[in-house]
Every structure is written in structure tokens, then in C-alpha cells.
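Labels run A, B and C following the written order; every chain starts at residue 1.
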């Protein structure tokens, strides 16, 4: 595993965000323009089960933040809280504040639909709609009141998702007729069509073959120039390869998940602050 | 090793006589079970042979074109005419009215149950609708005559008579709501959850996801349920026998009595009819037409499902 | 391709949580929720209206001797004793014919049938038979049992007709129950050297039996409510005696209800409603047995 991969990385994060990631002291939410999402005292319950406790985290702009940790430690739960997908789970209760720039979006006064338009999501298993490739992309834009040139939108989204060359001759074919990797890139293109600010990805490559995985990773690096990305992954090499910041989650005895540390990726993998992180990344966990 | 009873007696041949006896018994049983399966094939053959044979007799007396395209049906009158169009028109009117009632209510209920209802509401409403499906159709016929016509239609249309296509059609519609609701709900629920999440994650509202993502993904199942509903409405007998009247007429007014194909069959047997007479034979011609119409719709619905079903993992 | 769409500089990025067209869309979504609830409410309301209006009509006529009196031209004395007994005769014989054949066909299809064209035809055929209008079965019964086999307007002819009518339902329900038996059970039995029939009869069938019975009871309740085919094969309208053998004439509950509800007098309408209540009570009892069976077997065997 090469940790010295050359890339535009954490070193270019500047200002308060850099300090925040490094120092463990988080600034007041909404004060730093380079922080897009801030979680403060996030706690999630499923019924009586306390799934995640006291997460505090800043997610920097135009960077890739990776969540790693053992199965069941609440990575998906935290991720799905950010765009209010947990509202769909009747038993789920999300406490604490989630700041999107200077707005707390975890409140009854905020319509989750509004949140999801700015914070898109890509799921573990590709889930294109059983519609044509073009319609898959246009649908989100259409319901959100898009009135521009449809063909242009389709092309630009597919180009940014690195899928255009493969599908440009069959835009009317069903999205389900694509390969798994292509489907996943279609889902990414679909998320881009809404012109979101943040894209959340829950193990986006875990159902894919190694080549498709590499394509998705390249794509993420490319997208990070314009978007803020949060990715959950079980693959530590992947986290090391693509992310700028890595957050390690773990479980306590009550099976409650919590965040052990969040550091610039290179630091976390070479010089972890916490003993538990070190055990996990060197395979001594459990 | 030496104590293994199968290997120790020195004979290498297995005694197979028991197995052979088994083999014969097994084959007899297999044949019996096969015969049970064949009963259903025989039933179909029986239906076709009986209907076709008697209908053939009928068409020797009444030419096929004048049956299919004749506009007057007076089979039981002194001067009989055997043009089936009035019966077909009555059938189609009642089917149309029934579908206008059942398709929207059935589909909307299915959507509610599948996408909106809490588990508790579902647990109450679903069995109620199943109950509605288990009520014998004669009960719906009675309901049409004693409630739908006098309590609902009479105030709206004071001129409505004791028998009308409208009252019968509404009752047939109520009868097939559960069919549409339960088949459509099955189709909607089989749409994977991930598609809903995909839609919601893009900032779609609940109804946008329900109607623009889930419903199109379940379209083949929904359409199939609609076709089956039409087939059921065409074949429904007791409701129309009680509520639609027995006047075979080509009419554009659903407030008037009409006779359907099934209604005619029941009417004939409610009186006396001589076996082998032309009116008697006409039953089988009408029955054959009815059989072919419903069979066509059933096959069509199976085709829709197999041809257009989206297969999700 | 315009440059704005493709490039997304920091200046053009949308970082505000604006509502945009959302208020209108959410309003539409709420209206739709209301429409869905209203539609479901109407469907349930139809059921309530159906039951309530029939009970209201039936109430004055629900008296014990309704069950024990013969039909009569005088409404006050009329009862449905022969119809009740006739219905029991009919569903009894229907069950007797339909169950063995239906279960046999289901076993054949699930355990024995090779995957070939004939089997496929059999399956399609059964699915289509389930959609044939019941009155057509009446014509079949009239042609085959009443006329050709010369059984006349007898219990036997009626029951055989009904048996053919419910056969597809019995087969489909039994197949489902048999399919729910886990393959591991079959493999275990084959593994100790059992023949196909031994596996089927001593392991598959006993395990599937509660499910089969449930399906069968529901099919029987269908036979109890059917009227049209029996009108065609000659259930009599006015019967003042009980059948004493399977070649006797008979009438059935729905037939009696049909007769009464066709009479213009209000009294007979009330009697018809009372007859319906008796019919529904019988159906409810049958369904309760089915539900009880299902619950009991769910408790006993868990996979």
C-alpha cells in the first residue's frame, strides 16, 4: 500500500479548516467558508438502540472525506444523517446539529427534500431508475424546475461521470442495460444533474470489479475539484488512495459507534493519533 | 470395517428385489399424479369441445355474420333474432363503468398501502379489502338493488328505473377493487427500496417518487391487474343478473336496463328452455364468445407481465 | 455545448439552501396524500356500507326458525333449511372431488413433472382456467355431467361442476404450500435412501399440509358462494325437501337468496338479506378455521 501517492491533497487545505482537522478543536459552525458541513454532538438512535454517539466533525470544501471503521460502527448512519435520509427510517432519531454552511439542517423547520437537492447521494448498489439513460439524468433536474437545454445537461453530466464515450450512442437504452460499473457512474451522473454542493457515497465501489473501482476512484478525484465528497469505504487502500481527510469510527462495548479520530489521510495512515486507529489500520483490530 | 453389514457377507450383489417392487409402486403413483394434472387439461378441452360443438349446431341455424353483427337480440321472443351486439354492448358498458370505479380506487388504495400506510394502518386495511374480495357476488347484486340504486343513484338521477347498467356497473366495480388493489400493491411493493431511496436522495418529494419512479417501475404488474379486472368484469354474472335487467338493447344510456352475455345465460336457465332448441343452442354460442373474450384478456395480461417486467436483483 | 454547464467554478456554485419550486411541489405532494387516503377510505367505506345496509335489511328477519323452516310463499314462515343442507351437500362433495385431484396435480407439478413443454402447457392452462368465468363452468357441467353422463339436475352434477371450478385455486394454493417446504428436508430424506414417493408422502406433504388445508378451505368458501354455475346445471329454485342421496335434486343458499331477492315484495328482500347474513356467517366461520390453521402451523414449525 503506497501512502505517498502524489496528489493534490491535504496540504492544500488552508486556513481554519487545516487547523481544525489537525488540532481537534473545531471552530464555530458557519464561520469558515471552507467548511461545508459541520456535525456537532451528533447522536443517532434506532428505537432504544444508541447507534452513534457524539460525533463532531468538519467536512472541508472540495475535498474527499473518507469514513472507515469496522462493520456496524455507524458509518452509513452518520452519512445518511447528513442528507436526512434517516428521516425515512421510522425508528431513527437524529439529535445534535448538522450545519450546512451556516444553517442547521437537522431541524423540523428544514424540509429534507430541500437538503437532498444540495447534498446528493450515491448508494452501495447501483440503483438506476428503469428508464432510459437520458431520462435517468433528466428526471432530478426536471422535478427541480430545470428549464435549460436537456441534451446539453445529459452530455455534460455523462462527461463528468466519465461515461459519455461509452453510452453516447444509446442514450435511449434502459439504464438497467448497462454493466454494474457503468450503472454506478450513471448514478453519479444522475446526482450531478441536480448541481449539488456535496455528494455522499456509501461504499460506491464495493459491488464493482477492480477496474470499475479504479474508474470510480479516478472519477472521484476529478469531481473533488468542484464538489465536496464524503465516502464510506471498507477498503483502507481506497481511503488512502482517494481521500484527503479520513475519519475512523469504532464501536464501544454497548455496540455504540463513535468517531475515534479525524485526520488528514496521510497523517492518519502514517502517524495515527490514537492507538485504536493504529491497531485497526495495521490489522490488529478485534 | 469387517463388521459393516453391507460388505461383510461376501456377496457383492445388492438385493434389488425390494427396489423393483418399489419401482412399480413408484411408477403407478407417478402415473396417478400425472392423471390428476391432466384433469385440468381435460377441463379446458371439455369447455372448448362442449361450447364449440353446440355453437356449431347453432351456427348451422343462424349464420355466423348475422350472429356477430346483428343488432337485435330477442332469443326468447316469438320472433327470435340472434344478433349478439346488444349483449356485447351491455357487457362492455358494464365493464367500462366497473373499470371507471375500480381502476382509480384500486390503484390509489394500492399506492397508499404500499407507499404511505403505517404498518398498523396496513394491518387493518388490507384484511378489510381481502374481506371485500371474499364476499360472494350475489351479495353485491343484492347491494346494487337495495342500496346503490335507491340510496345513491336515485337521488342523483331521479329517472333511473329499477334496473340499470349504472347500478350493476358500480357494484361490479366495487367487487373488483380488491383484485386491482392487491395485485397492484404486490407490483408496487416488489419495486426495490433502493429505487425509492435513489429518487428521494435526488430531492424528490414523496409523491414524485411514488408516481414517477415506483409506479413506472411496477407498470407491467399494474397493467396486468387492470386487464384481469376487465376480464373479471366481463365474466361477472350474478350482479348483472340481479341489477342490470334483462332487456337486451343497444343503448347509449347507462341509466337504462341492459343485458350482458352472462345475464342472458342466467335468464335462460331461470325459465324453461327446451334442450336442443335454437335459444338453447344460442347459449353456447354466447358462452363461446364470452370464453374467448376472457381467455384473450387473460393471455394478454400474462404476456404483458412476461414481456415488460423489469427484473431487479 | 455552453461553457456554463460544463465548468463549475466556485463562483457559480450554489451553496444556499433555497426553496426554489419546492413549496408548490410539497403542496402537490400533500394533496396527493389526501387523495390516496380518501380513495382508500372510499374502498373501505364501500365494505362498511355493504355490510351495514345488509344487516339493516336483515335484522327484522333474523329469527332462529329461518334455519329450520322450509321455504314458503308466506314470508313469515319461510326458511332456508333445504338450502342450508343443500349447500353442505354440495361443498362436501365438491371438496371430496377437488381435494385429491387438486393436491395430486400440485404434487405432480412440484415434485414429479419434468421441465418440458407439456409441463409448461399444464401451468399456463391452470392459470387460464382460474380466469374462466364461473358461468362457463356451468355450461361445461351442463354439457358433460347433466346431459352426457346423464346425471340430471343432481347434487352429483352440481358438485362435479363446482369441483372443476375450484380445481385451479386448489392446485395453485397447494403448489405454494409445497414449494414452501425447504429443499434441505427433501435432501435429508433422499440422503437416507428414500424413494420419491416416500419423501413426498412422509416428509413433504405432512410439512405442507397446514398450508394446503388453508388454501383448500378458502377454495371451498368460494364454492359456497357461487351461484351462476349451479343455476346453469339446474339447482332448483323452490325445494321443500332435503336431498337424501347424491342423485337427488337440491338447492343451495345463494340460489335461495337469488330467488328471494328477485321477488318484488319487501318481505322477501328482507328474507334475502337474512339469507345473506347466514351465508356470510358460514363463510366467516370457514375463514376463521383457515386463519386458525395458519396461525397454529406458524407456531409449530419454524424454519
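Heads up, the rule we're going with is that contacts are C-beta pairs under 8 Å (C-beta built on N, C-alpha and C of every residue); 3 or more make two chains touch, one makes a residue touch a chain.
Everything quoted here is computed from the prediction, not taken from an experiment.
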Intersection of contact partners for chain A and chain C: B
Chain-chain pair with the highest tally of contacting C-beta pairs: B-C
Mean-CA-position distance for chain C and chain A (Å): 51
Whole-Å gap between the CA centroids of chain A and chain B: 50
Inter-chain centre distance, chain B versus chain C - centres from mean C-alpha coordinates, in Å: 12
Shared interface positions of chain C, touching two or more other chains: 25-26
Contacts with two or more other chains, residues of chain A listed in rising order: 113-115, 117-118, 143-144
Residues of chain B touching at least two other chains: 205, 208
Interfacial residue positions of chain C with respect to chain A in the complex: 1-2, 5-6, 8, 10, 13-22, 25-26
Contacting residues of chain B [partner chain C, same complex]: 22, 25-26, 29-30, 32-37, 39-41, 43-44, 46-47, 50-51, 53-54, 104-106, 108-109, 111-113, 116-117, 125, 128-129, 131-132, 134-143, 145-147, 151, 174, 177-178, 181, 205-208, 210-211, 228, 231-232, 234-238, 241-242, 262, 265-266, 269-270, 275, 283-284, 287, 290-291, 294-295, 297-299, 302
Of all residues in chain B, those that touch chain A in their complex: 118, 192, 194-195, 197-205, 208, 212-213, 216-217, 310, 313
Chain C - residues contacting chain B, complex: 25-26, 28-29, 32-33, 35-37, 39-40, 42-44, 46-47, 49-50, 53-54, 57, 100-105, 107-109, 112-113, 121-122, 124-129, 131-140, 142-144, 147, 164, 167-168, 171, 195-197, 218, 221, 224-228, 231-232, 234, 237, 254, 257-258, 261-262, 269, 272-273, 276, 279-280, 283, 287
Of chain A, residues touching chain C in the complex: 36, 62, 100-101, 103, 105, 110-111, 113-115, 117-118, 143-145, 148-149, 152-153, 155-156, 159-160, 195, 197, 226
